[in-house]
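In what follows, subunit A forms one complex with subunit B and a second complex with subunit C.
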Partner chain A sequence: MRSPLLWRLLVLAGFIGLLEALCLGGVIKPLTMQPPHKIVTDLVKMLSSGSLNGAIAKTLGNALIAFIIAMILGVTSAIIIHRLRRVRDTLEPLFATYYAIPVFAFYPLLIILLGLGDAPQIFIGAMLGIVAVIVNTLNGLDRVPNVLLKTARVNQMGPVETALRVTLPCASPYILTGAKLAVAYSLIGIIGAEFIMSSGGMGYEISFAYNNFDNATMYPLILLILVVSITINMAIARWEKALMAKRGLR
Partner chain B sequence: MNRQSGSILRNTLTLIVVVLVAWQALYWIVGDIALRSPLQTFAFAGKFMSTPQFAQHLAETSKAFGLALLLAVAIGLTIGFTLGASRFLSDVFEPMLIALYSIPKITLYPILLLAFGLGMSSKVAFGTIHGVIPIALFTITAVRNVKRVYLKTGQVMGLSPLDMIARIIFPAALPEIFAGLRIGFSLTLIGTLLGEMFASQRGLGFLLMSAIGLHNVDLIMALTLLLTVFAGTASVVLLALNQRLYARS
Partner chain C sequence: MTQIAQVSLRQVDKMFSRGGNPADTVHALGPIDLELRHGEFFAVVGPSGCGKSTLLELVAGLSTATRGEVAFEGKPIEGRIPDGVGVVFQEDASFPWLSVRDNIAFGLRRMKLPPEEKAKRIEKALAMMGLVPFAESYPSQLSGGMRQRVCIARTLVTEPRLILLDEPFGALDQQTRLLMGDEVLNLWRKTGATVFLITHALDEAAMLADRIGVMSARPGRLIDIVETGWPRDRDSRIVQEESFGAITARLWRSLREESMKSIGKAGTTI
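And now, the complex of A and B:
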């Protein structure tokens, strides 16, 4: 009756309906935005014709690589940093200010260092994501109960085995929080870098379409990115919630 | 408290030294083509800061950033207090805000440009949408976590809703709200700069973008340094203030 989910869907439907009405009524000019139904049909047409599949595959593929690098390096370095108190204390101000630093300012430098290929974009995406992963993993590792660590010691596990079989599974809900952020950051990194300077990918296609007033390409691409990122995010959030619920934490 | 802020200072200094050493080492490896040494960059930045060109762009960026921050704080607090006060509203809207927070906002920029046109307003709008959601989300949680006893005391005293917010909810939730403001501050700054980088004729972001186009390494390095130092300093100061607020409550 008063289900929040129902209301959420209603609000969303109302918002889309309003946009549709404003667009069809001419309040929002077609040059500014096309009506939502047209964006969706354009997206379907675009995907089925396959004209931009290369760009889409390139961007999502690079984002995936950046995400995997951020996760592997982030979790590994968090495990190492967690053991070194002094290093962690020193890095703490960096973690706190990291997201205030405009990382894109380093993009030209990276292009010169790594060449104008996919490498600098992946580097930016991974660089943006990694700190979120480290911070959240550290947070999770802090909460591993001492009993579990002692059990691992009693069973004479080595550091690697302890990490893989005890600490990481225990910290996994927090690592997933980091993973959610890393998904968003790797997409932001890749697409932002493609906006600034690149020769392909969705970000490039969006800015190209923008410069040519080609709304029939631009809006579907934007919609696709939004749908992809929200879907991945919701899937991870659900997984995280299930893990938390299994432990009776939420 | 004093000991704690002392250790923050020491850690920050260690970090700065490590970064400078790594920078110098990288310069020796890479060479003049893409990098300048820390010393050269500081010298150039110092010289560049006294030019009228810099002052003009800085003024433009500060204006955009100030406006965006003001809007982000005002809208964020309004949303936060409205949703935080009502269980039902926050149940409906909070997941939507979280979903919005997770999307790469950079993809929305062309839409903002079409809606607001080139120039100041789209920059401000871009900065605002970056900052507003974390402020709102933190405020919602902060308001919701205010102790029931405080609220009941307020009711017993017969406070009006406005007094309730001004005298009880706001002071009680301040440390957490401030944490949101700190994140909102950084994100708004990044949003404004990104806005200037992609479509603008003025401001530090534009200056950086044109330096990238001209491959003016001196200028790129100097601007990156200045922006990083500004963002870093602001963030450390806000963090210290926030810790003091938490310690007090």
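And now, the complex of A and C:
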């Protein structure tokens, strides 16, 4: 059972080892990339000095806000859409093509509408995540057995109580799948927006470091983003797995 | 003084419109007149698709009659689920994300009872259904029969005056059905509730019920009501009684032609 995990770790270790060897051997020039051990030590230094704490807090804070908005609006919208057949028939084809829309292209428009602060970035982060949450929540709600809805009615539950106590808990493994995607999309949205037009945040700092050949800042920040994203994703995946196991589904 | 029937159906009809078209309706049920007496065990048998479950849904308040009146303890139901009614469905209705104990406690959440009383009722229901060792287990860890017991316990904990059972043993094997039948009879005696059972199994109806309503093919009407005459204190061993065979034979006589109609072979010999 543990062998796939072992294989994954071996592949990762092999890849890092190869990068380390290529960097130390001079195949990859220091101006292009630093060896992985240097990236890690630079990250530790950066975090302990607190030099970029403001930028990290800004990005992660905004990504968290975008994620929360995506989850609340996504789940609420899915509950409403699930109850309204016509609305669903109209919107579902649009959901399928949603990710073909380059949301970042609307950034200038969002600045006009929402100002120069963090709001346009949060908006992009939330908009990227929301449809993933809606689609997965709808998938979960479709799988709620009719008999559980009848049980809710027999127990004299109204629509809100039914949603909170029956349909959402029943659909929770699917909602968590949406949450996993929303975490990734929120981070992509926020960091991408910071790259384009912002004066702060990890995206801005990576862009600034890139333009100034500052690899000692750029790579540790990229690594930090990877670590944060993968850690959150793995935590949600573990939670999802535990929920499924409790239901005898995995 | 005459006692008010616990449940009464007067000239009840149920129509369904096909594909939401009001001009294209199916007469699913009725007209039905029926009275359930306080504390009796009443079973309904009928051919597939005759509207047995529709009848139960009308009594449960899960559906409204197109015509006629359904009343519980003298008050019209009219699509509102009345207090004092518990329903057990054929399908597994246990909540997979809750433990057995929490599933049972779920039935009590609306009741304004002191916490000690709630705990007492949960323990009593767990004990009555033989679920004490599994109180902290999740439904996925239990067999189909055990999950059905959880659903029955969740209903029992509310101490309903009327228990509606919609083919609750339909998914179980024959031996488990007989044993579950014993448990239901035991509960019926202990709680004093009225039980309304929908089943397609003639032997199950004959074993459990005081009275058995036989339904026609669609539109379902009651074409016969059979009094079994069993003593209140009975169990599955009653199937050995001589009159058990006579009851099932009478049920089959009433049902055979109707069952043939339901599969489109009325008036033919198989």
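Rule of thumb we're sticking to: the second predicted complex is superposed on the first by the 248 of 250 C-alpha atoms of A that agree within 3 Å, B and C clash if a C-alpha of one lies under 4 Å from a C-alpha of the other, contacts with A are read in each partner's own complex, and residues count from 1 in each chain.
We take it that a contact is a pair of C-beta atoms (placed from the backbone, for glycine too) under 8 Å apart; a residue touches a chain by one contact, two chains touch by 3 or more.
In this text, all values refer to a predicted model and were calculated from it rather than measured experimentally.
Chemist: Looking at the overlay on subunit A, is there a clash between subunit B and subunit C, or do the two fit?
Modeler: The answer is fit.
Chemist: Once the structures are superposed on A, label A:230 by its partner contacts, choosing first (subunit B), second (subunit C), both or neither.
Modeler: First partner only.
Chemist: Could you say whether A:97 touches subunit B, subunit C, both of them, or neither, answering first, second, both or neither?
Modeler: first
Chemist: Where does A:7 make contact in the superposed view: on subunit B (first), on subunit C (second), on both, or on neither?
Modeler: Only subunit B is touched by A:7; subunit C is not.
Chemist: For A:169, is the partner it touches subunit B (first), subunit C (second), both, or none of the two (neither)?
Modeler: A:169: touches subunit C, not subunit B.
Chemist: Quick one: angle from subunit B through subunit A to subunit C, Cα centres, nearest 10°?
Modeler: Apex at subunit A; the opening toward subunit B and subunit C is 100 degrees.
Chemist: Which partner, subunit B or subunit C, touches the larger number of subunit A residues?
Modeler: Between subunit B and subunit C, B touches the greater number of residues in subunit A.
Chemist: Between subunit B and subunit C, whom does A:48 touch in the aligned arrangement: first, second, both, or neither?
Modeler: Neither partner.
Chemist: So, A:199: does it touch subunit B (first), subunit C (second), both, or neither?
Modeler: In the superposed model, A:199 contacts neither subunit B nor subunit C.
Chemist: Between subunit B and subunit C, once the two complexes are placed on the common chain, what is the minimum CA to CA distance in Å?
Modeler: 16
Chemist: Hey, which residues of subunit A end up touching subunit C in the complex?
Modeler: Residue list for subunit A touching subunit C: 145-148, 150-151, 153-156, 165-166, 169-170, 172, 243, 246-249.
Chemist: Going by the contact rule at the top, pick out the subunit C residues touching subunit A in the complex.
Modeler: The touching residues are 60, 62, 81, 83, 85-87, 89, 91-93, 95-97, 106-107, 109-110, 138-141.
Chemist: Residues of subunit B touching subunit A in their complex?
Modeler: 7-8, 11-12, 14-15, 18, 30, 33-35, 88, 91-93, 95-96, 98-99, 102-111, 113-115, 183, 185-187, 189-190, 193-194, 197-198, 208-209, 211-212, 215, 220, 223-224, 227-228, 231-232, 234-236, 239
Chemist: Residue numbers of subunit A touching subunit B in their complex, please.
Modeler: Touching subunit B: residues 2, 4, 7-8, 11-12, 31-33, 89-94, 96-97, 99-102, 104-109, 112-113, 180-181, 183-184, 187-188, 191-192, 195-197, 203, 206-207, 209-210, 218-219, 221-222, 225-226, 229-230, 233-234, 237 of subunit A.
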